[in-house]
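Next up, some structures in structure tokens.
In the two complexes that follow, chain A is the common piece, with chain B as its partner first and chain C second.
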Partner chain A sequence: MSQQVIASTAKKARKLSAPEIAEIEHEMTLYPDKKAVGLEALKIVQKHQGWVSDESLLGIAKYLDIPVADLEGVATFFNLVYRQQVGKNVILFCDSVSCWIMGCEGIKGHIKEQLAIDYGETTEDGDFTLIPVPCLGDCDRAPVMMVGPDLHRNLTPEKIDSIIADYKNK
Partner chain B sequence: MAKIVIDGVEYEVNPDNNLLQECLSQGLDLPYFCWHPSMGSVGACRQCAVKQYRDADDKEGMLVMACMTPVTDGAIISIEDEGAKSFRSDVVESLMISHPHDCPVCEEGGECHLQDMTLMSGHNYRRYDKKKRTHRNQYLGPFINHEMNRCITCYRCVRYYGDYAGGTDLSAQASHHHVYFGRHEEGVLESEFSGNLVEVCPTGVFTDKAFSENYSRKWDLQTAPSVCVGCSVGCNTAPGERYGSLRRIVNRYNSEVNGYFLCDRGRFGFDFVNNRDRLLEPVQRVDNTGELLADDQVKAVIKEFAASGTIGIGSPRASNESNFALRAMVGEENYYAGYSDAEHESMQVILGLASDASFHSPSVREIESADAVLILGEDVTNVAPRIALALRQSVRNKAKELADESRIPQWQDAAVRELAQHERSPLSILSPAVSRLDDVASDRVIESLPNVVAMGYQIANKISSSAPSAGASSENDEVIEKIAAQLKAAKRPLIIAGNSNGGDVIKAAANIARALHDESGKSVIDLCLLVPEVNSVGMGLMANSANSLGIALEKLASGEAKRVVVLENDLYRRAAKGQVDAALSKAEKVLVLDQLPSATTANADVILPATAFSEHEATYINYEGRAQLSFQVHQCQKQAQPSWRWICDAKHVDDLVERCCSEAPGFSRLREVLPGENPFVAGMKVPRQSHRYSGRTAMTANVSVHEPKQMEDEESIMSFSMEGMPAQKDASVHASSWAPKWNSNQSISKFQDEVNGELKQGHVGCLLIEREDSSDSYFEPAVDSIEPSAKQLRLVYSYQIFGSDELSARSKPIQARMTDAYIGLSPEDAEDRGLRQGDVATINPLGAPVVVCIRTGIKAGTALLHCGDGKISPADFSGLIEVEKSAAQSTIRGIGNLIVSDFQEEEISS
Partner chain C sequence: MVANPLTKNIDMSRPPLDIAAYEANDGYQSLHAIAKGLSPDDVLELVKGSGLKGRGGAGFPTGLKWSFVPKGENSPAQKYLVVNADEMEPGTFKDRLLMEGDPHLLLEGMIIAAYTIQASKSYIFLRGEYTVSEKVLRNAIKEAYEKGYLGKNILGTGFDLDIIMHTSAGRYICGEETALLNALEGKRANPRAKPPFPQVSGLWGKPTIVNNVETICNLPGILTYGVDWYHGLTKGNDHGTKLFGVSGKVKTPGCWELPLGLPIRELLENYAGGMQDGLELKGFLPGGGSTDFMLPEHLDIALDYDEIAKVGSRLATGTMIVLDDRTCPVGMVGNLMKFFAHESCGFCTPCRDGLPWVDQIFRDFENGQGSEKDLQILHDHVTYLGPGRTFCALAPGATAPLGSGLKYFKEDFEKHITEKRCSYKH
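Moving on, here comes the complex of A and B:
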């Protein structure tokens, strides 16, 4: 017997797009339990939409027929599932020990200056969101950060300028 | 039994349990948060750490979590060890890091498990001086307040709400110190058992919203042991009163009935006692106005009614004593049943089965131990909610079995759930619409009621070929075969049915149980037959089988009976309006005793105000035939009296119980529920007020600065006072749970003979009905000849936890969750009639207006009727109805409050 999604949560659900559904369907073949697909489905929707809106969350819960509260538990557990709208490019900036030793504070100050945003904020043009991460596992080339899927190493203020310019032009 | 040594003292303990549970069973103080007696251990909070030693020579020992450590024979542990103590103190200090310390403004203060445990663990100085994390709270509906800052992340709320009660809309969110327990968005908590969060939460995150609006500290509440009057389960409660108004209800532990939990109707449905419309004075109608009656006038009225030519109509929501007093007043032959004729008829079937020795009517605890369940036609969640919660536990017996096979202790909650995944004991539901238990059902068949009945007969026939079958074979044959096999294979099968929709379904259920009895060789089979009201069974036993309400009304209408006494009953909810009108208008004089005005009191010549459940001592009989005693909690401020006191000259409730025992057949054991031979400890009464009851001298200072003498209670072993033998360990009755160092309801373990055992002073009630002989005749299926025409729909009454019960529907918190009268239709039937969600429709032949509620889980051809709070009487309609669109638009409440899984809603696409 399936878990039943109740009325109040069915109200605002967004209908998932065909590509989203296709990818979720594929994941469903890999897990014995629909609840387990929740996280993958969140990642898929985020990939297509950039973030997971309330409507998307409801849409996934409805599609998988799992309680939306449980799915929200998963979505909010992981920092990198975005439950608020983010910019086109998300900068994951490492401010952990190695990067700190290598002077990430200054780099962060430079980004802040260039983009006029602090941690958790998005630029006015919607191009960038800046988020701290504890470690990217690339300490020997610190300071490091990720922009979208790309890793950038041995950061300097100059490098930051060119990276920002590159992504702006994309 | 195993022997273990705790701090140098040897104890005999149960080796199947964990150390924490056994420490508590031995009466020792060991702090804990995440463990709960009915939910087992998860080892989340680390608060119950103790030292365990390898052997007598081991002086170092090691820290173990008592709740996660099985008892082993010869184990040596220490609670008092300095290392263990300092560890526990550090744990509570870190749990308290972000706690706001807002006890003075917190509703939990004074009965807070967190306060108790903090003190017990020895954390009394705050060292953390940084910023605390704070949260936004959510609106969770009219029952529960949310204050997340107080949370210590023990996870008990989600374990209770989701794992135990099956709710899907409360979850643990975020991580590390941001962990948040709430809904995915603000909104009403959907579970019918959400109120238990108030008691499950060890601190003030979830508090009772209705209580909060009329708040009083636990120690300022006057409390006595009571019984819930919301349905026929008879859960034990502890209502609290202050300044003449009833403030709240909390659970009162009864090992056989409700255990630790109540439903939301029971917890929030008491407010009718405080209703401004309460009838509080005896009045007589003179030329359409009410005239107060003086004492001697009342006596004259009663004398008049005691003369021959008077009939009495009893009440399934009144006590045994009041029903008996009425019966004694008018004579057995003139005492009539106070429920509908359909209910009367099915009650005769139920009472017949109740004395059959082949069957056993299981208590709630016994229901939890069933390993295969069949629900036939009844919506258990709405008729007897607490039983639905028990059924959710019964399906876990498979998990426990698997755990035993894998040698995992049953109290290892997370491990047992992980092991079992979706494995559940079979629970099959056959009914005309989906129900709130479907998510744990192994099979659920949605069929019209006659087909459900026929399937019942077929299952019986599959189990034993001597049982008659009914109906033709259909696509359900396979599932019938499967259910029959599951019931046959079970160690403790259970059949549940009820009389919400007539007696046919009960007969079919009884046949299944009898077939199991014949085939399996088990001496008794659990057959649970649900009835709707608190004393349906008591009144049913009291009334002669020939004395149905219909006959009473006929006698009045024909003039054969001149006067009628109506006991705590609105007859318009029980019989068709025309029938009641004819009877009451023809009757020379109508005397009504009740708590609140109703359509019936509007037609009364004399109204005598009756006390509500918390204002008198009374006995009730639940669905099993279990008699229970409910004490008076507080006095009624005005002139209301127990109904029996108006109409008979008994001085004392005990006298009536005695008379009832000797005069009413079936009640001979009723006296066993009274406090024993010597209920007084050291000659003292048990106080209803706590030792710390404050402001007694000043309570009425606005009226007079002289403190009035405390009212004496001549009837009861309890007093309206602070003096006496405290309602703690030694008292003979247990009202409010309270023990030294344990101010919260978790102190209950101090009153149990062992954790989850019986109360030391406890009275679990007494089963009244003797099961004498066993009949071996099966019921023959009735032939349902009425076939609906194309326009007609088959009517099924739909009970709602919020709204169907007459009295709780007059409570404000319940009203906030009620709907209007509605008709539930399948999408096909709605479309055929051009009806849309929320439309107003009329039901013919009577033309009563109802809201249309389209649900995908209703069998086409069936219409579910919920009567709302009495605007429509179920007795007005018979089996087949027509529904058509009405021009009327306005509804008061609509159906927005309805929480069902199959509400048809249009999808928004983007």
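Moving on, here comes the complex of A and C:
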């Protein structure tokens, strides 16, 4: 995958949808200032759009009256805010120490083989994106990974095959 | 009497107890005790007397931390309690169990802590990846509001409390309490300069206590069963029980609630079942990725804050990562260095530039290109990234497995240099 510039180049903001605005407005009741809701708004938009495009980022910045540079700084700081388009299912693959001891490198190799993608890449059919993630806190059942919101434990190459097949059929 | 106050309601083969079942097993008793006239100062004295130390890693006395919050009419009216549920220390898997297994225990503890410091708002700062914890906690919060344990004038005490769920968007540095506060405020999660400490000037400049999930979960027991009971739980010098975990190539990895003070050997051999067949214990990190290695010769040391400190390591999160004799120690330390390099927030130079340098050297060792000079650079970084030289504790945390790894597994490092390869790879 080619290197892409991760910076807001959009000239025109996307108008946030009514459901997005409703959720952002709800978050505003929980925090004493608008800036705090910026990160929440990024997550809300990502939930609806799958990722945060430059146009969306600009839309949020306008809506909350936060400087674009500040919001961009936040968006690029956090692991789980996607500033590039991701696949239908994001695989968060744990490669921290307990999973490493339990052989996650071999499991990762198998995923790479089966899906023909490496970290940061998306399959051609747009079904999966593979991203490494710090320790998922399930170390007694290592190796582990998440696919979307679901945790998968005690991974083996055979398990990977059936997990991939399951999500493809969803 | 209850011997496992943290896990007595936990059975992961079924959903967690609902509020009625939780109450039937002594749950929310502490709130009724408060309603009968226990003042915030009374609770503070109980918690101080219990000797409870923070379970997030640093082991600071909880009552003492709370006592720094300004009190009285001249103090800021708004105070905050923040629960650090951002479990991300490599090899640590204890808070997940508590939240998924018994959410009301955390909520009851939060109400106690918030009442003590008179905080009317509390945020749970939860890891975004902990989707099950989020669902379970949101449901429990709803039940607690319906029952009148949250909201306005709780049980007629005049005390109000709202609990707000914040799911994080990632980054290990959010576990550092001032970085966490910046993240909650919607900023980049860089740590803040201390002083002022959060207890005085924290979230939006207001007095704030940040406590770990497991610390908070200790509170209901202390109020319900009393300080004497709490003191009776331990087998060592520090008080209470603790969640202990073992991961790596042992027969039965897992997480158990045990009294503080048991020998490490008992955890490893009786609970984790000992090493897998054909493997020998080579070393272990006693409490997550930021702790110093310990060796088989340390197995009879007690699982206690002070005892483990005597051999130069830390109990920290209490979740042990086991290194066996067929896994490369250089590779294990290298994996940790990659993690710390990736998770540096980039704010201060030694951490931002030093950790990637260390990481690169480990990659060179892995590929058989490590040299004596590299080894010296690694040793130098143990000093340059150590306590007092960086803005926060992230890089000093990384020097714990680095420095101890260099010391205890010297021969393995040397072998990578002389053989120009990793001899653990077949």
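The definition used in the following text is that the second predicted complex is superposed on the first by the 159 of 170 C-alpha atoms of A that agree within 3 Å, B and C clash if a C-alpha of one lies under 4 Å from a C-alpha of the other, contacts with A are read in each partner's own complex, and residues count from 1 in each chain.
Operating definition for what follows: contacts are C-beta pairs under 8 Å (C-beta built on N, C-alpha and C of every residue); 3 or more make two chains touch, one makes a residue touch a chain.
Computed from a predicted model, the values in this text were never measured in an experiment.
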Problem set entry | Chain touching more of chain A, residue-wise (chain B, chain C) | C
Exercise. Where does A:Lys12 make contact in the superposed view: on chain B (first), on chain C (second), on both, or on neither?
Worked result: first
Problem set entry | First, second, both or neither for A:Lys47, with chain B first and chain C second | neither
Exercise. In the superposed arrangement, which partner chain does A:Gly73 touch: chain B (first), chain C (second), both, or neither?
Worked result: both
Exercise. First (chain B), second (chain C), both or neither: which does A:His26 touch?
Worked result: neither
For this session: Check the residue A:Glu55 against both partner chains and state whether it touches chain B (first), chain C (second), both, or neither.
Result: first
For this session: Would you please give the residues of chain A that touch chain B in one complex and also touch chain C in the other complex?
Result: 33, 73, 77
For this session: In the complex, go through chain A and note every residue touching chain B.
Result: 1-15, 33, 54-55, 57, 67-73, 76-77
Seminar exercise, completed: Within the complex, chain A is touched by chain C residues 87-93, 95-96, 127-132, 164, 166-172, 183-189, 204, 245-249, 253-255, 285, 289, 319, 321-324, 327, 331-332, 335-336, 339, 342-343, 345
Exercise. Hey, which residues of chain B end up touching chain A in the complex?
Worked result: 168-175, 180, 183-185, 187-188, 190, 421-422, 434, 438-442, 444, 898-903, 905, 907-910
Problem set entry | Residue ranges of chain A touching chain C (in the complex, touch as defined) | 30-33, 35-40, 42-43, 73-74, 77-81, 92, 95-98, 100-102, 133-142, 146, 149-151
